[in-house]
């Protein structure tokens, strides 16, 4: 009745390649397509590299006091110096490193806690679930920064305490996420199949369920990390976080509480602020790219 | 069955419909040159497996394709006007009015936060300028027509509070609200139990007989096709592979795929000793690249010639039925080269009528029972 | 419905108790507040006397029990530092915070709801990209840094707006004066939460746009406008309620930082000082209050949910 | 198989009541009676079909056999030992002999694992093979379900629905079970694939001397594969008989209704055959008293509301035909 015309544009070789790639290849291909996310990843990589080589390249130590106090940016001090004469650029780079380190570590702590508790609550249900979920409710019912401040005041500020405190306040969200994922996975055939096959609980939890919650966990972890960076900055800014002389993005900004510095010495507070924004934006974009890349609707 | 189908020209005339979906690696073809017609007051069944393009056909016609879907070309004349050239606004005059559609999954197809009344009255008022009160009256009438016995109550309910069968009846009621000439039913009973399916099918058939309604029934169930269709379109891999009057199709399916489909379905009337004839293999994944017959890789009758493009052509033996020509997209079948189908090993169906007649008639007894309980004789 | 609310309240009680326990015991780890008072003019004996007076010499469990008993009767003790009733201190500071938070909440929702919905409905459009990018950057700015920048520009450079307190010192109270004082803190607060809200609402709306029932609505031929304005929007109420509930604790946290920067005389400022002074009864009072507020917010969210979503059966 | 039929599995008075409200502080008074007093035997080497509409409890029965649900009462005697009473540890070895094939092949394989892992891990855990023999065992498994041998390194998404179901079957077979619970194994598949899987299951049964419990709602498929068929309605068994007997001479009105609702693939015989049941399956929360079917039964009498009809033999052939409807029987006899 009618003539069959040729097929519309389909890249045969690409299709062929795509249909044979592994899950993570697909995810990475999609990640790369998210331009802001991919650029952010490169930016973060470069930053880490710069932070790593700062001690080698910079003529000043981060806490080394030079002769210039509150100096404007110049050839010797590209970003000027602070009131006691420390080189701002060196401090900015080490501070960024510290902030990233604190955020990353705190994220790891909260992710581990959240994943373990979420797995337990979701898989075993019953009393274990009720207790874990009530504790989650309690922690979540605190205005979050208040809890952090109280804890920081009690345990004393300082880098390691901040890692633990920020790690501890962030797990409930992760626990809830993992729990709801586990609860739905518990009803999925391959998990039930493993139960019928008499596989041990540890195996089911860590080899059947956990690998399938990696996507949401990773995505959530990036948002936790971004939030943690902001919180660390705020805490340090309030003087309850990383303590001087150790530099962090937040406590570098501490000096700006004084209106004279705020008004007349922008090189002391503008760069750390902008750096915070850049780093947090990068982490957020990476999270968004991951969300796109892992979206099951996009995956075949 | 034939008499009520006096041919007056097609209600819907679809020509060379091509729809694609954009995917990771470019445009993926879903429909390749689908053409068919629907006559007034007939039931046309589109049968095929998942991915054959039967639902995409319906969605293309209704302008309801998802974001990544696109009709590349083709024409679809509904009472002479091309649906595919219409703007959204023009299409909206026809959608839900002269042409309505119901979907497979009634629970997700009804908005959970509005009452049935709200959604049904909205449908009534979408295509007629009646007031709220009259619309309500009309809605009640339609609910009764689709066999919901307590329409007042149903109007107040939210979708979640209804059973599966009732929801599908409500969907049908919403479709009927615009007094359609054509109803597209996309697997309306796949999610329902068989006894409920029987009820819904009975309802569709009676609607068809009582009003001037044409129905496109999309299904994968060959049994339903036999029970419901006037005419049948068989789809495979985005193409129409065979179309025919239902009697003709079941007596002599010509396309090897159609034959396979009919033999692959086990029936309760089968002789158990008979082995099902399964179609080997699976639907090819990137079928748009296959120039020749798309079924060839699974076909028992394949010859070299099958790698050439195939067209839908008349079956030689069917010239007498020009209104409903029997067409097949298989050059060998069209030339009558394939061995005749019909080595039908099915055992004769045991007649249910006979069984029922052994027992008291259903209605009779129901009354008796009622008398029983009312009169307390026992 | 009443039974449902009662049930939710019953569930809230153990959570509230848990919060007080957690609070109290964490604080007991902190060490003795008496340390703060040690000074040259105070003898050891005086400290002990005072500790006995405050009940700090008793075991922690007894202390907690005493505190709880008093709290049940509405007595939350006296501030160590200021020698005022905790309830009174909180009472004095609550109004400015409520004002700040309330206005910020309303404004952020007024921006986020239309922006999020517009962005979702016009997915992949230029405006969508702009809104999404802006919300990303917006939610990545530390609020205190934004506050500093605002102060720098609008106060120090331009001199347009005041940057601290609720009123100009030494002048009589006037509405315009207070409003001028509110511009910067409210602006910063709104900015720091609106990005997250937009993204949440947009994501929820996108999910709704893919639902089958929107296809049904479209199939009725009621027009795109009505499909979105009626069928999609009504379902978007649920995520909007959720974000509303999530907002309360977020704003509470935010107020600590913002109030500090802008010297806003609210609960945040009180909290900071109580923490710095290890003023136990005051910290307990503030955290209990905030927990109650959060629990009430959750409860209200749940109730609103039950009203909006007919599939939730509150039994 | 007539004379020396050995009972492999005997189910006696099996019950499963779910609380109607899952959460709450107040004690639950209402229960969903998903499975209520169900008894049947499965003989060694046979296929027992279990049909019913949604809510009939047929899947719950299957899930109880493989311990995915804990029965609230009754016993499951496998070769004479009661699985319900045994401790989890003691039961593990026996449990291996009862495996399950699921309805949805897409979700029965872990998408993050390749086929080798999916098939090998349970076998290794149960020490059915050692590392040395693993490859050979895996090849044999693939041969059994007619999949190419080179697929072991692939991931589940690289397979079509039918192939995935073959893998699901291979996974169940890897533990060398005696009894397979097949929970709607072809319902999610395309028609042309269904026949492949049904034939495969029939061949496997012959080859490996398996016993099947085949759960499905499609009458045709059940008839094709089963030796005997049990019909369930609202948690109770209504009728048990061989397929031919069941469909040629149903002794329960519900079976007749099911049969006539099954669309006959013959356009020449349309309509007229139907006795279309009115209404829908009532809620399993507080199900109807007496005979559960009486609310929809065209033949119901007053006694049906009060008396629970027992499942009794209505004919005594080699394989007994059981039905739970004395009323219809009587009516038919009176009519003749």
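Points worth noting:
Per-chain numbering from 1; labels A, B, C and D assigned in written order.
One rule holds for everything that comes next: a residue touches a chain if its C-beta (ideal position, glycine included) is under 8 Å from a C-beta of that chain, and two chains touch if they have at least 3 such contacts.
Predicted model only: the values in this text are computed from it and were never measured.
Any chain that touches chain A and also touches chain B is listed here: C, D. Between the interfaces A-C and B-D, more contacting C-beta pairs are found at B-D. The distance from the centre of chain C to the centre of chain D, each centre being the mean of the chain's C-alpha atoms, comes to 55 Å. Annotation: 23 Å between the Cα-based centres of chain A and chain C. Here the spacing of chain B and chain D, counted between their Cα centres, is 30 Å. For this pair, chain A with chain D, the centres built from the Cα atoms lie 49 Å apart. Chain B has no residue in contact with two or more other chains.
Annotation for chain D: no residues touch two or more other chains. Along chain A, residues 19, 300 each make contact with two or more other chains.
Listed in rising order, the residues of chain B touching chain D in the complex are 1, 49-50, 163-166, 193-199, 201-202, 205, 220-227, 229, 246-247, 250, 260-270, 272, 275-280, 282-283, 349-353, 355-356, 358-360, 362-363, 365-366, 369, 372-373, 378. Only residues 66-68, 92, 95-96, 98-100, 102-104, 107-113, 118, 121-122, 125-126, 155, 157-158, 168, 171-172, 175 of chain D touch chain A when the two sit together in their complex.
Within the complex formed with chain D, the chain A residues making contact are 19-20, 22-23, 188-190, 192-200, 203, 207-208, 211-212, 300. Remark: chain A residues 36, 134-135, 137-138, 140-147, 149-151, 153-155, 226, 230, 233-234, 237-238, 240, 250, 253, 256-257, 259, 262-263, 266, 269, 273, 276-277, 280-281, 284-285, 288 touch chain C in the complex.
Against chain A, the residues of chain C that register as touching in their complex are 14-15, 18-19, 22-23, 26-27, 29-30, 133, 136-137, 139-145, 148-149, 151-152, 156-157, 249-250, 252-254, 256-257, 260-261, 271-272, 275-276, 278, 283, 286-287, 290-291, 294-295, 298.
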